[in-house]
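After this come two complexes, each holding chain A, first together with chain B and then together with chain C.
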Partner chain A sequence: MDKLPWLGASVKRKEDDRLLRGSGRFLDDVEETLTLHVAIGRCPYPHARIRSIDVTRALGHSGVEAVLTGQQVVARTEAITALRPFAGSAPTAFYGMAQEVARYEGEPVVAVAAVDRYVAEDALELIDIDYEPLPHVVTVEDALRPGAPQLHATVPSNVVVESTVRAGEPDRRLADATVTVEGTFRINRVSGAPIETRGVIARWAEDSSTLELWASTQTPHLLRAQLAHCLRMDETDVRVIAPDVGGAFGLKIGVYPEDIIAALLAIDTRRPVKWIEDRTEFFRGAAHAREAVHTLTLAADRDGTLRALRDRYLIDLGAYHGPLGPPLLTNVMLAGPYRLHDADIHRRVVLTNKVPMGAYRGYGQAESNYVREVLVDRLARRLGQDPADFRRRNLLRPDELPFKNVSGVTYDSGDYARGLDLALSRVGYETFRARQKESGQQGRHVGVGMSCYVEFTGYPSSAFLGRGGARFGAYESVTVRMDRAGRAAISTGVSTFGQGTETTFAQIAASLLGLDPADVAIHRGDSKGTPYSVGGFASRTMIAGAGAIEKAAGQIRDKMLRIGGTILGVDPAALETTTGVVRRRDDPSVQVSIQRVSEAAFLGYPLPPGEDPGLEATAYFDPPSSAFGYGTVVVQVEVNARSGEFALQRYILVHDCGTQVNPMIVEGQVQGAVAQGIAAALFEELVYDRDTGQLVNGTMVDYFMPTAADLPVFELDHLETPSPVTPFGIKGVGEGGTIAAAAAITNAVCDALAPFGVELDRLPVTAESIWRALAAARAKG
Partner chain B sequence: MTVALLVNGRPYERSVESRRLLVDFLRHELQLHGTHVGCEQGVCGACTVLLDGEPVKSCLMLAPQAHGHSITTVEGLAGRGELHPVQQAFRDAHALQCGYCTPGFLLGAVALADRGVALEGAALREELAGNLCRCTGYQNIVEAVERYLRQAAAGRRDG
Partner chain C sequence: MQIQETFTVDAPPTAVWKFFEDIERVARCVPGVQSVDVLGPDRYKVLATQKVGFISATFEMATQVESKDPLKSLALSSVGKSVKGAIGNLRSKDRVDFEATPEGGTRVTLTSEVAVGGMLGALGHKAIVSKSKEITEKFAQALQAEIRAGEAGR
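Let's look at the complex of A and B:
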């Protein structure tokens, strides 16, 4: 028998049946009797002092049960803490509501709980708020100017944190190199924008003196810990339940102000309180992501050997440091897949009057890939080298791994150049230059661009996170329990938001326990009844979860063998589990069904002497190391050199995520991530007006999320290099598809327009930005 | 005011405020939670239902406007033990991840099949542009709908 029969099988998803029938249970599908509905009043200014709030008329409005103001919230709660505080970071007191000063358009300033949402919104209009608008800043450059408006008294410079990573001798290498190129790049502010917005239901459970919170969250346990802290409660007295989550993408991690607001209203009214975010609120309340300005320098020798990297970058944090705040992986992954020993990376995290930044799929990796890979192409052009040749020369070889990069993380395994070559072969790169020339003679401008990435997946141990001051671990945990019918149930604190965890966890457990995945039930997302869990983010669930399942299932299997041995009168050492049975390894005819063994465990008889009843185990697994996926994107475009309009003709991604638990789900994850990568590269940008400080495109009508008609067919291929450092050789895969999109597309457009000397340095790439770059290049002559 | 209508073949009559959105009526009066809300502006299509067989965005309609009409929601597609062919095609092609947008796509696809069109590729992508999905990148949705439309067309030929 295959050791792990369901590992690597494209099992159809367990989640699908309920979701296809419309029987999934999303946050707003949870309906409790006597529920009050919350509408939140939000500051319409980017920066304003709240002189007074008069709620008298709202309180008198029929159907209104409670009104909550910032003064009450701040008096009764603690500020939201960072899950991963940075050393030397200045505090930006981030409460559930603004008290005296609101610092971004959309910051909650008042809330109404009423019999229904319609009435609650009516009542909001009866609240009189006297605002004194204050000077605002919505760009990092403005925020750093002398005399710029200050957001927080604790942060006079508007710089929340400043940090440097140095390795080797970057100054000397930069000075000695034959060629250096420098570029300044602007990365757009975008939103993960799940189709289900955020939402929360809070209820004070009198019977257990517990605050129950249903939330659309990726991290039930972390949300519980953060919320309990904010409410000055013990987390044992808080229960967080994540129902089906309608997309998350990093945006639904940790506590949000609205969780605190709903909890306080539930405590006050002793009734269930529901808040469902509408889409207009979403763009002004849910974490924004990615925005940064980088000035990057790369240096190389004449032969094309990459020598050094220097980056000076500014992250636009928005108005507060939220649970996660600025990305860490920008600097961790800046060197990418290349043989680079010398680097000088300096970042400043800057406050602006905008929605607080948070995580979004790829979180820092897409940003660093974009700036590095676009500049790599410029460097290759400067050297007169083919961009593929340049990369091949500098990519780490398999025999150089494991390799500790300039930021101190260790790439475990892979064949980076093979990924590049495979992707290039798909586009017919050997003959492409000839074809390109031919098209050029016909006046058509075709280009190919590429981008290579390494993907950080999972965390390299809780101790690693702890040394950085993190308030969460790297582990995941499960309880696995066999029922008397011989089926297994897994309890996990991880919630379900599209990633297919219910199916893949079942595949691992079924493989180890001799069951069919259909016989493994998953109970997920409820902090009550699940062991401490970190949650689903950082492409870590599969790695850490598989390790926990392996340990728990191993304990259960050992016990099944002991009980089976007693039933069969055979030494357990001579037994094995396989599909549905415990049997003698050397004589399969001597066997007992798992169902019979499970029933014995339930009845407590027959059991070996001294054996406790039950077949149940709880296990935690703390990964000893991160695993690094990698890949290459190759894009072919055709650009109209008059208008700047362009077409994505080919989009090729070759990736390697180690052992694939479920190839169908892996491919789905990659496709979805690619779409989000292209979305941020070509379509999406949250635009703030510099004069008014207003978000000008905060609706789905104006914020352009791509439809099926806007995206090309993705051509995917993969390699499979099992990681030597993770259970079953699994690497994470959730984020990789987003990472390389912007650079590959930018490089393709620049390649197509190379005859004009066009360089692009901002996202998104649009016909207009290309047209402007063409005009600039022509003006230069 | 009173709204009387058929939903999934079953008659309902309810008294509602005239400003009640159809989607809120379906979800919170009739407890048919399969129809989802994504934007309330008619962009995302998660709230798509069929009104007398035509796809409409139920966040852009008031409940009283549906008075006297027949509505199909995702709950009306299949009986308990079976999946509708479009649901089966989505399952087979792994055309859903979080599942939030899925009911809207399913009903849109059913309307396409009812129109008797067997689209594929770019033409189909244009037809699907009234629904947003943030998880799948659409590729598998396009494949599922192609499969389903081919099957529906074959069914019409045979039937």
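Let's look at the complex of A and C:
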């Protein structure tokens, strides 16, 4: 193939033209005439039987058009299906609304459609619901106690899934190892918290008996598939459209109860129905993420060779198994970038009376990185080794790749130690220990912490997903069509939620077709008129999408060469496309414009004999392998050993995402992910009161999502090792920044406070948690 | 969450105790209380509206006097749910302790264990604690005035 002129160019984002002008169209900007607005009544108890609901007064309220209760929803719909059902997992009948028993505070129990949101909210107050509060559980430990309240009759143990991964001879290795360390770690429950909350507009098209759903989603096609199933409709009769999406981060994947509620109300009223999530609903209804308790053991030889890993962990699923549910990658990526052959990983996914868990940027990878990297530091300290030396000894070398890790996935490429060394050089690590000692003598406690990761991006084939029972594929698809003017239009089911796909897809297509990215239009996010698509998540869109574009654009380019050959009277094999023309390779003066070629395809003449009109191709690409990014975060902190207060002085990330399609977009993605990684490490936690089962900080005042002013300057460096297994060597990049933040910060604080023997084992890391750990260390003497 | 507030009334414990025995009179001093109906001996139905930030809710509560230790303490419990405004529910166990001050007044200590559920509960403790401080302060002032008025009327 010829070189790809736009690959690796920091082209300004096409989507920014409209977004920066304020011309973006987000869900709430869409307003059809005669729209009804929905308010949703939510259960105010963590666990309650609904004895009765009286909606009479609400129905009589002026302006109310319809009221929907759980009984109707359950009778008229199927339960929400898991996109990735687990073999042997018990069903947790998850409907658009609770019918008899509500299982988390915030679960929808009734909905009103009215002429405006004010009237709908007022009408909610007129609905009399008689609840019988039931005993609740909000911690995994409580949920596993004998006699604990049971959430679902189908799951008597409150354990939805239990699974084990074993490789090698972990028991023998653990028994034989010179040193073992064990730690129990608590990972905080957090939220992806996009600036645009969820929202949906449902419209029943009377003329065609079809349902049209506008949704703030990152997976229009998967939402359509799930919604059609829930509503017992044919998929063809459901259209899902995602306008501009103001952030998604994993929590806008698949169907939500409110999508079903809006659809039913639209069908009942024959009017467009809109629901926009307010922020208090968001905290009590949109997927939460990350919460887990791990007890991890690492074993090593005297010389610091890592020998085995054992993990026993509990995931706090919340009250239902939603479309995605618990992360899989915690298991898959637990071994990280190290040379490990022996592992024993056991997980239990546990029900609690809390908001159902879903995906969040770094899904499972941030969790496994935190527990492993913090324990690696403890192990190094136990061995009296420098944490960097310990890592260097155990990191996989480039010549050991591809490497199949203990969970069975194959790392494709990279130079992990080089990433570590580069990050350490940025902080001047070779002289740091001396400086640290000096600071210590002045009573200042400075520490450096590091965390190495390898990152799973994209799925290794639909068949791989299928072996796990997934109800979606690994592929992505596009239709590429040339218009008469010689411009290309790409139709993709992927929506735009900040990831820059409109620009990067255009760069790939423009490179292959001989166009400028400005001449490639993107039609996106609409299930109608786009081929089956999986959607934007799992750092997979660029890999799978690039493959689809390569195939479709390749077909179009070949046809352009054939038509050009006819127009020029030249053998197509002697032609190439470049910068708007089809021309002879050996004599560029013999050329015809792509515009002229496209017009010939449109008119149907002149064409080679037997050639069909049109310049259009649809292609699917199913990646055969995942690509593994990697990187290292190095953090420098100074800690006040009396109060626990601390300052992040340096935050360095060196990462490798393979070929960068657009370095500016990569930088933006990494910056955003780092911000969210630090947010979850230092600030954010959704707190439930154990006694009342209530989420107690469900507002932006109490949930400490940081702003730019709360964050340090990030120092980023990129390495570029093209993947041997993906189109153009691309690896995914959207999630990496979140992965290593918590461990690097924790390790830095523990390094600073090593003279006190401080160990941290929970997130977020706060002045209070450090102060408590200091007190505990002092008490231990 | 536990909330504790202390204030001093310029009246001896006997007068303050007498006041607290008349729950309807006490209720009149609590900001936001709209009505108190007697359901039975030491059992009341209380309707009260509170506004926290931009959210307001009217609660209907069943309040029960759990125990009385004359001149010393009083214990109450309440269970209720909102009937207007933000959907939610409320449970509280309250204890009032009286202590004579050397100056001849009474130190009143209110200790409440409050659980707020639903949307209001998600608002965060800070908002609710500061609201309860505000209510207590106003209650103390009203109580002082009411006792004085009662004494004046005698």
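Simple rule for what comes next: the second predicted complex is superposed on the first by the 779 of 781 C-alpha atoms of A that agree within 3 Å, B and C clash if a C-alpha of one lies under 4 Å from a C-alpha of the other, contacts with A are read in each partner's own complex, and residues count from 1 in each chain.
Everything below uses one rule, namely that a contact is a pair of C-beta atoms (placed from the backbone, for glycine too) under 8 Å apart; a residue touches a chain by one contact, two chains touch by 3 or more.
These numbers were taken from a predicted model, which means no experiment stands behind them.
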First (chain B), second (chain C), both or neither touched by A:R84: neither
Chain B versus chain C as contact partner of A:R584, first or second or both or neither: neither
First (chain B), second (chain C), both or neither touched by A:R42: second
First, second, both or neither for A:E105, with chain B first and chain C second: second
Greater chain A contact set [chain C / chain B]: B
Chain B versus chain C as contact partner of A:R76, first or second or both or neither: neither
First (chain B), second (chain C), both or neither touched by A:T707: first
Contacts of A:T699 with chain B and chain C, given as first, second, both or neither: both
First (chain B), second (chain C), both or neither touched by A:G498: first
Touching partner for A:I665 - first (chain B), second (chain C), both, neither: first
Residues of chain A at both interfaces, chain B in one complex, chain C in the other: 699, 701
Residue ranges of chain C touching chain A (in the complex, touch as defined): 1, 81-85, 87-89, 91, 115-119, 121-127
For the chain A and chain B complex, residues of the former touching the latter: 12-13, 15-26, 28-29, 31, 118, 192-197, 244-249, 276, 278-279, 496-500, 664-665, 667-669, 671-676, 699-701, 705, 707-711, 713-714
Chain A residues touching chain C - in the complex, by the definition given at the top: 41-42, 44-46, 105-106, 124-125, 131, 280, 283-284, 689, 691-699, 701-702
Footprint of chain A on chain B - complex, ascending: 17, 19-20, 27-28, 31-41, 43-44, 46, 73-75, 77-78, 83, 87, 90-92, 94, 96-103, 106, 122, 124-126, 128-142
